[in-house]
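These are the structures in question, set out in turn.
Here come two complexes built around chain A, the first alongside chain B, the second alongside chain C.
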Partner chain A sequence: MISSVVAVVARQVLQEAGRRRTLPVLVLFGCGVILSSAFLSFFQLGVEVKFFKDVAMTVIFLFGTTSTLILVSTQLSGEIESRTIYNVLSKPIRRWELVVGKFVGAVAAIALCVAPMVAILAFFIYTDRGGSILEAVKASYLLWLAFAVLSAIALGIASFSTSIVAASLSVLVFVVSYLKGAVTTYVALVSRSPATAYLGQALYYLLPNFENFNVRTAVVHDRIVPWAYLGRTTLYALVLVAFFLYLGAQIFEEREF
Partner chain B sequence: MTESRHAGASAVPPVISVNNLTKRYRNPSGSDRAALVGLTLDVSPGEIYGFLGPNGAGKTTTIKLLLGLIFPTAGSGTILGAPLGSVAARRRLGFLPESPYFYEYFRGDELLDYYGRLFGLTAAERRTRVEDLLKLVGLWEHRRLAVRKYSRGMLQRLGLAQALINDPELVILDEPAGGLDPIGRREMRDILLQLRDRGKTVFLSSHILAEVEMICDQVAILHRGQLLAVGRIGDLLADSREMELTVHGLDGTLTKRLEGIPGATIRHGADSTVVVLPEQRFVYQAIETVKQAGGQIVSLTAKRERLEDLFVKLIGSREGGTAA
Partner chain C sequence: MTAPGTPWVRHAAIIAGFLACLAGAQVLVDAYRPLVNDEADVPFSVAAVVVRSFVGQVRGLLADFLWLRVDEYQHRRRIVGGDLLRSDDEALMPLVRLITWLNPHFVDAYALGGQWLAFHFDRPIEATAFYEEGIQNNPQSFDLLNGAAWVYWRFRHDYPTAAKRAAEAARVAPDDIHKFQALWLEAHILASAGDTSGAIRVWRQVGQIPGYERTAEVWIARLEGSRTSRP
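Entry: the complex of A and B
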């Protein structure tokens, strides 16, 4: 059960996300792009449904990632930079509760950001575009899991760095993790040093495999995402989140302000 | 140190008790810098305790150690019987940091409500406390204003309100009068005295020595991380035997006659002249001299050492007389 203090912090993050204008503007913009693509796809004879779903899923991915990075990278380090941390940590709150509260609030806020875009996608699938709403929701859920893992990574990095460093490093980890198959293959091909090859392999196993959360192509081509896959990926996300949050909380526990 | 550990003899357990508290920071060059060295002090319940020292003395470092925002290199302590920085201790204390910073997107009442939630107060408790505190600090009219629109003085008042949201037994205030105008300072002083009257303990770090002298029961003076003096203000300040005679209409002849009193010093002001007499026995001689020369006596007061004098003397003695 989530402790009441964690819930209080999560609520504060949600309020912040709503009141700072960046996220609502991003959501509106994302919804606008999806709506535009819905009308534009009328002109793509024969491929209109695929085009629309592809654009919508890409927009959810891009805007979700951006929202996650903007929101999460400013949470812990933002508290330190703006010195609000003194007031918070002088209250009866454990440091891990602050880290977990920030995470819970962030993933809830991201879900709220993504929800209107998924709703528009579902609406057009339901009305006249064809395809399965359930599969679109499953794909969106997996994307949200990816955002949750990215949030945990960003919070882990923010526990010892500044907002800008946290955002930059999180982007780097996210991109390298997405492309890690290609990166490690390339490293193995060009490297003549065994040490570099080992480093490439180590990176492959250490970094999360964000491709696991990407079933966009399956949804676009009306393939079914199996429930078992959904379960396995959820478990994978939970392990990653727990690992990065634990790491972040441990570092934050030792930090001085 | 002027006085040994004060409250050790008291039967009532101290609200704050620290023993040999030390904090060192490592410089990039690898050398150590001591921010606080072997601080030992006790703060008794129900008193206003002044924590004084020049910039960089270690006051804020001490407060951060008390709250668990930083960790001691050596030493230990308790707050309200619980270890320094523990959740149990923080549940029963309130803290106003120097230059308080808050979430700017909250309104004043929402901010207090948020802090009330962190203390686990019920909705009804929060509603009552928020209203009472905003009225106490004079911000009730501005409760719906976003915190980012508050002035520096308003933020300080809001800071005091949030420090009291849990009706704490101990209030730790770091430079609470910063940013306040004279009326605000007076109101702050009255609030602190009210808190003491209600049996609360106030630990007050301040540069404003006149304020501290007016309201504090005890003071500790810190310099370069070391405790120079601790004790009751009345015990620390020496009773002087000097008398100050303020006189109008002092001409050259009268000045010469007053200078004839052994040990007398004369300071000329814009409207009056102050004659400092080394002992009471010269008072009648001085008054007679002024009367005979047609001068006018404005006042006669016994000179008493002020906290500022003690502060400058102690710091000056540590710095080889430079500050004296």
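Entry: the complex of A and C
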């Protein structure tokens, strides 16, 4: 059965994530940074809670991104480099099931990594009366969606490259997603050609836009993130994930070992 | 039998479909984006857009940490030859500018930058421009409206704008003490501009604030005395 095969691969990814120690250490370190920032007291009342929320959300973002890259970039290419892929593919498993299973396991492992940091954030928001816990959870969910998209991108790249190349190119895609704002603004300023303006617009709509998953300022300033925004961003993430998994699976299908 | 090239056409069609869905989903997200992005209406300069793009999602945190540095510089300025070292003062402004690029709602940075430009660097035109940018991004900020009113009044002698900003500060004052400060300022600005009636009207507003009745009476009496003694 398709779902059971995917589940088996996903479970194996989860077990491996725990066994490799890198992710638990990263999670502990992230929790430590968030906890220590909760006791900073050189800001005036009110500012302190905002600063804490800002630090906590940034730590979740940074450590989540690092965990995602470390975990996902070594999944397919790691199997190929260590030649364990021959054992895996000798089993009754289709290649796209392996790709999807790796993805499901990775996003589940990342959710487990992020959960303790979100719990600490929620605890201090509750004790310091620093705003809505629900809004912080919504923002964390959006961050997790960003990690899921990054996982799909990294898996897509890992289907044809080595671990280091997959991690480097994923970081590049991530950075380009933020830099495109600067590029499109610059292009709009210096170019009077309509074609260039259309190209800038096309870049905006067709490249992954990780800024969609950033609602930190809204949460820090106690604004409400509408459920409709969450729904639309989830749809956006689903399209991106499906696209990159499709690309990854197709390339992996064609690859010869 | 599948014709040669058909799978590639199918892949291309699927990829095109995905890209169309992606653009459509982005349009859907954009419709709601301003509700969760309180920086959507801020008119950033190109330099600000570039800096913000490079630091990505850590810009808020970076602004907070830069503010710590500003705070340290501000409180630990060195004294050389019996006077404050000017280079320490000058080191502050780029940091303040960077903070407002990274977080345009960092009111303290705008307030400090405007104050320093006017009082330490004797550049009131730049100071009011900086204040106005801060007010545009944070229209409900008492500190910025009040600070701008001071600079318009004491440095630029632009009494109508100063009085307007002070009146706005009184409207957004968070409590009675701040309201008194803003009205006090507005009354003095109007008196400086020769509008004694306007100043008396403002002092009457001060008289309605609990605890400030006596202060208002004294000032009204003084202003009315000056009006009657005038030839």
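One rule holds in what follows: the second predicted complex is superposed on the first by the 231 of 257 C-alpha atoms of A that agree within 3 Å, B and C clash if a C-alpha of one lies under 4 Å from a C-alpha of the other, contacts with A are read in each partner's own complex, and residues count from 1 in each chain.
Everything that follows uses one rule, which is that a residue touches a chain if its C-beta (ideal position, glycine included) is under 8 Å from a C-beta of that chain, and two chains touch if they have at least 3 such contacts.
Everything numeric in this text was worked out from a predicted model, so none of it was measured.
Peer 1: Return the chain, chain B or chain C, that is in touch with more residues of chain A.
Peer 2: More residues of chain A are touched by C.
Peer 1: I'd like to know which partner A:58 touches here: chain B for first, chain C for second, both or neither.
Peer 2: Once the two structures are laid over each other on A, A:58 reaches chain C alone.
Peer 1: May I ask you to decide whether A:136 touches chain B, chain C, both, or neither, giving the answer as first, second, both or neither?
Peer 2: After superposing on A, A:136 lies clear of both chain B and chain C.
Peer 1: Taking the superposition as given, does A:221 touch the first partner, chain B, the second, chain C, both, or neither?
Peer 2: The second partner, chain C, only.
Peer 1: May I ask you to decide whether A:257 touches chain B, chain C, both, or neither, giving the answer as first, second, both or neither?
Peer 2: first
Peer 1: Just to be sure I read the superposition right, which of the two partners does A:185 touch: chain B = first, chain C = second, or both, or neither?
Peer 2: A:185: touches chain C, not chain B.
Peer 1: If you stack the two complexes on chain A, which partner ends up touching A:120: first (chain B), second (chain C), both, or neither?
Peer 2: Neither partner.
Peer 1: Answer with first, second, both or neither: which of chain B and chain C does A:145 touch in the superposed model?
Peer 2: neither
Peer 1: Residue by residue on chain A, keep only those touching chain B in one complex and chain C in the other, then list them.
Peer 2: none
Peer 1: Spell out the residues on chain B that touch chain A in their complex, using ranges where they run on.
Peer 2: Those in contact with chain A are residues 64, 67-71, 87-88, 90-91, 93, 95, 97, 99-103, 105-106, 110, 114-115, 117-120, 159, 162.
Peer 1: Under the touch definition given earlier, write down the residues of chain A that touch chain B in their complex.
Peer 2: 4-5, 8, 11-12, 15-16, 19-20, 82-84, 86-94, 256-257
Peer 1: Spell out the part of chain C that touches chain A in their complex, as residue ranges.
Peer 2: Within the complex, chain C contacts chain A at residues 11, 14-15, 18-19, 21-23, 25-29, 31-33, 35-39, 46, 49-50, 52-54, 56-58, 60-61, 64, 68, 71, 103, 105.
Peer 1: Write out the stretch or stretches of chain A touching chain C in their complex.
Peer 2: Per the touch definition, chain A meets chain C at residues 42, 51, 54-55, 58, 61-62, 175, 178-182, 185-186, 189, 204-206, 209-212, 214-218, 220-221, 223, 225-226, 228-229, 232-233, 235-236, 239-240, 242-243, 246-247, 250.
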